[in-house]
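In the two assemblies presented below, chain A is common to both, partnered first by chain B and then by chain C.
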Partner chain A sequence: MQTIRLLKDKIISKLMLLFTILSVSLVFIIGIGLYYKSIPVLQNSTWGHLLTSSVWKPLKGLFGFYPYIMGTLWVTGIAIIIALPLCVLTSLYIVEYAHPRVRRILMPFVNLLSGIPPVIFGVWGVLFIIPLIQDHIAPHFVEFSTGYSVLAGGIVLAVMIFPLIVSILNEVLRTMPQELKDASLALGATKWETIKKVILRKALPGIIAATVLAISRAFGETIAVLMVCGNNAVVPHSVFDAGYPLPALIANNYGDMMSIPLYDSALMFAALLLFIIILLFNIISRIILSRLERKMAA
Partner chain B sequence: MTKDKAHISVQDLNVHIGGNHILKDLNIDIPNKSVTSIIGPSGCGKTTLLKTFNRLHDTAADVKVTGKVLVDGEDIYDPNTEITHIRKKMGLLSQRPYPLPMSIYDNVAYGPRIHGTRKRQDLDIIVEKQLKATALWNEVKDRLHSSATRLSIGQQQRLCLARGLAVGPEIILGDESTSALDPVSTSIIEDLFVKLKQDYSIVLVTHILRQAARVSDYIIFVYEGRIVEYGKTEQVLRDPREELTKEYVKGYIV
Partner chain C sequence: MRRRNLEELFFKFLMVLATLVVGGSFFLIVGTIFYKGAPYMTFDMLTKTPGGGFYIGKEGGILNAIIGSMYVAGGATILGLIISIPVAIYLNMYMDGKKFLSNTLRMVFDVLFGIPSIVYGAFGFLIMVYFGLRASLLGGIIAVTLLVIPILVRTLDEVIRTVPLELRDAALSLGSTRWETAKVVLRAIRPGIITAILISFGRAIGDVAAVLFTAGFSDNIPTSLHEPAATLPLAIFFQLGSPIEEVQGRGYASALILTIVVLIITILSELLVKKFYKHKS
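Let's turn to the complex of A and B:
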């Protein structure tokens, strides 16, 4: 009997290892596949040129990805700048201030938001955000804007990643020990002082982790962003400029322009770039996070 | 008789939590500059009582407190009373140490900073004084700016005490403050309580009758939310007046 139980134990653990290896190697397989498909365009040009050139003339075999990379970074950056403070305040309200009854009503709403398909956010962006920017926001800053801009993309994206961040932050804040808050309150600190100096500080690694997850998701968000950000392959110089993020490039053109030589390879390279950006971003944030955790423990 | 003047005076106190009647018609005067221990079986309401003294129930939504708690003659449940002012008067030492997520130095300086002490020299003086008062100075003086969570549990508990003392309280509240500690740290904390009662009024919740005997001048015995007996330590432990108390302390051998 004993041996069978031990055997089971061993088999299970080996199986788990196997599946872990499989899912990890999937990342590499995808990366290698994308690279393999990008080879034609890489042979035609160089990494440096592809990354820094702004010239996009597929018929002449010129592929400059710089505007797309910048488009991606702008939209994602704007989304995070808008979403993060809102998310932190919302979570603090839900967890720390809202009456339990209000909390029970609010939470399902936040979760519902995450279930709405991206295309609906896209339509909402076109119908409400674009006119808002065109008529009410942009006129204060620039002479003319169609509203289709990286700002519109950022706003729509911010709303889309909002539920993800809020639900993680809620979890982080909810698990703060009451005794820790009491310790600060008992010293005569107000609730706000306690939140600012103790809770948010303690929650910082959690906030960063939530942000990383949200940014990774934001990098790849396609449909909703594609519908509102103008898809103009220029490097944005202000939030009111149109932009053309990498996922939009791929989605807009894949399958359409395949007769042009190298075009499919160029799109694969776009996918590879996106893949690398997300990978690098995750590695860097992991390092920051572990540094931070070490610093907090030291 | 100034020594025995009431520092905390509880009058007709009732506490309901989520519809349950937890504390029932309590009346006590807790004397100045002495150690008073609250004893009683688990769940009888000791922690709840202690929390009413610095209004820590305010953070919970479904707690209702009626009656009066006077500290230095001031009703702390009066809506006009400033809560931060009340809490500043009391240092709280909980069951397990909860150091704030910052350095040792900043833990002690946290309270004074909040109450307006900004100058580095002033803070330095406070930090050194309170770490010495809690017998921690020699152990940590070379790593004041490293994280407080690196300290041992016993050291953390003393740090929490130092942190509480740094705001200049008059009262120290301890809720089973030694239950997570080893015997050596426990006796350091106990000795501290005995020493500190010259300057502070101390209220301790404890499950350990020997500890109550060692450190306290008075004992309050609570049972199912009521005060059964309240008297000098000697009397309550050796010669209890009430049957319930007798039952509870009979395990204690003098």
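Let's turn to the complex of A and C:
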């Protein structure tokens, strides 16, 4: 009886270990799989050429990712520029100024926002943001715009990353030691001066981690951006130009990729590119956050 | 002195404004979807599969996509649970004294959580090509399972950590093996498991990029794992791309259906979390 129970425990523990190893190694398996599939296009060209060329002619075997990379950078950049100040101000308000009730009312809606599927953000972008840009924003700056632009993609993405940034900043700001604030206030600083000169400085690593995490989320977002960006494979020169981010490129062309040689390899290379960048960004921000956590616990 | 106070007032005003924008964006999105989708909502949308001329504005509904999404999200959540429950238990109960290792593993799951669904979709597609599968319900379930594993592991991990250590110690000191103790713990976190299921299901049902390559699309309700399956987000995407107004309108109505489903799931899981933690403290 005793040995059977112990044996059972041992077998189950080995099984669980196997599951754990398998699911953790998913990171490596995905990376290796995507790299393996990208080899043909890499043999045909070099990393440098793939990343800096603008010529995209799949039928001739020419794949230049530069316009797509720029499209991704524009959309992500706009999203961060819009979202970061808004989220920092919001988090400061609910942590430092507002009655706790405000936080209790606001946070559930922020959580609900984070649960809304990407495609719904896309539909909202088409129905609300596109007409807004086309009729009310763009006419002040350019002669004509359809509204489908990197700006539209940036705004939709900004709203999508609100919950992520706000919830991380909330945690970071709430761990700020009360003594620091008290010291600054006792020296005669106003509350805003305390925030500006003490809290924000102290919270900087947390803000950076939240930003890096938000960037990596924005990088990989596919369908919502695809629906509002215009998907024109040229390098955007203004916020009202259409762009064509990398994830949209992958999603839009999966239909033809098997019929043209090297095309599937090129698209898998795009996925590999996304994977590597996002992996790095994620690791960086997680390390900053866990360091912060340990420092606060100590 | 006055300048300092003015500055304070100005930034406080900006903060209130920012809070209104962030909090209001939820209502703006849901409001827009309701406003545009509600006029096109019909009972047929929910109960019929696409008829002959559905995509030129004739009759039919999106039952195929609703059922397809349920199959994909349900299948992926079940498969995901089978894998993640053992992982979460292993992380918490079999790695005593290996704190660094278990924390590193947790970070790997956090990183996996950050990998976008389009990458999971592309990778799922590679697996399918490797095994010679075509776009099918099975392919969709596999890709989405990979997507929800990190979510399930991290949620379950958090939940198991709320179980008081005394409970474990009591079970162990009575002579239970670790696995028998794990069963006690699993019973204690039942509401937490349901929360994890809801979160995973909600994420799975709304995802497009992972099923785009792998599940295909079909006007029929799939009857086997090897048939292609329509999914709700893809149905919305395709209908919105149509130039015909009636079809676009149905796209808005489909978006409304998906929004309502996801909101119900999210609210349920929030309530459960609240109840669970109240119970604990």
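Annotations
Throughout what follows, the second predicted complex is superposed on the first by the 249 of 298 C-alpha atoms of A that agree within 3 Å, B and C clash if a C-alpha of one lies under 4 Å from a C-alpha of the other, contacts with A are read in each partner's own complex, and residues count from 1 in each chain.
By our rule, contacts are C-beta pairs under 8 Å (C-beta built on N, C-alpha and C of every residue); 3 or more make two chains touch, one makes a residue touch a chain.
On a predicted model such as this, the values are computed, not experimentally measured, just so you know.
In the superposed pair of complexes, A:261 makes contact with neither chain B nor chain C. In the superposition on chain A, contact of A:16 is made with chain C only, not with chain B. Of the two partner chains placed around the shared chain by superposition, chain C is the only one that A:126 touches, whereas chain B remains out of contact. In the superposition on chain A, A:162 makes contact with chain C only, not with chain B.
After overlaying the two complexes on the shared chain, residue contacts for A:100 are found with chain B alone; chain C is out of touch.
In the superposed pair of complexes, A:180 makes contact with chain B only, with no contact to chain C. In the superposition on chain A, A:190 contacts both chain B and chain C.
Counted by residues of chain A touched, the larger count belongs to C, out of chain B and chain C. By the touch criterion defined above, A:61 lies against neither chain B nor chain C after alignment on the C-alpha atoms of chain A.
In the superposition on chain A, contact is made by A:201 with chain B only, not with chain C. Note: residues 190-191, 193 of chain A belong to the chain B contact set and to the chain C contact set alike, using the contact criterion stated above.
Remark: chain B residues 54, 56, 59, 61-62, 84-85, 87-88, 90-92, 94-96, 98, 100-102, 110-111, 114-115, 146-147, 149-150, 160, 163-164, 167 touch chain A in the complex. If you check the complex, the residues on chain A that touch chain B are 99-100, 177-191, 193, 197-198, 201-202, 295-298. By the touch rule above, chain C contacts chain A in their complex via residues 4-5, 7-8, 11-12, 14-19, 21-23, 25-30, 32-33, 36, 83-84, 86-87, 89-91, 94, 103, 105, 107-112, 114-120, 122-123, 125-127, 146, 149, 153, 177-180, 202-203, 205-209, 212-213, 233, 236-237, 240, 251-252, 255, 258-259, 262-263, 265-267, 270. Against chain C, the residues of chain A that register as touching in their complex are 5-6, 8-9, 12-13, 15-17, 19-20, 22-24, 26-27, 30, 33-34, 37, 85-87, 89-90, 92-94, 97-98, 102, 106, 108-113, 115-124, 126-128, 159, 162, 166, 190-193, 213, 216-217, 219-223, 227, 247, 250-251, 254, 267-268, 271, 274-275, 278-279, 281-283, 286-287, 290.
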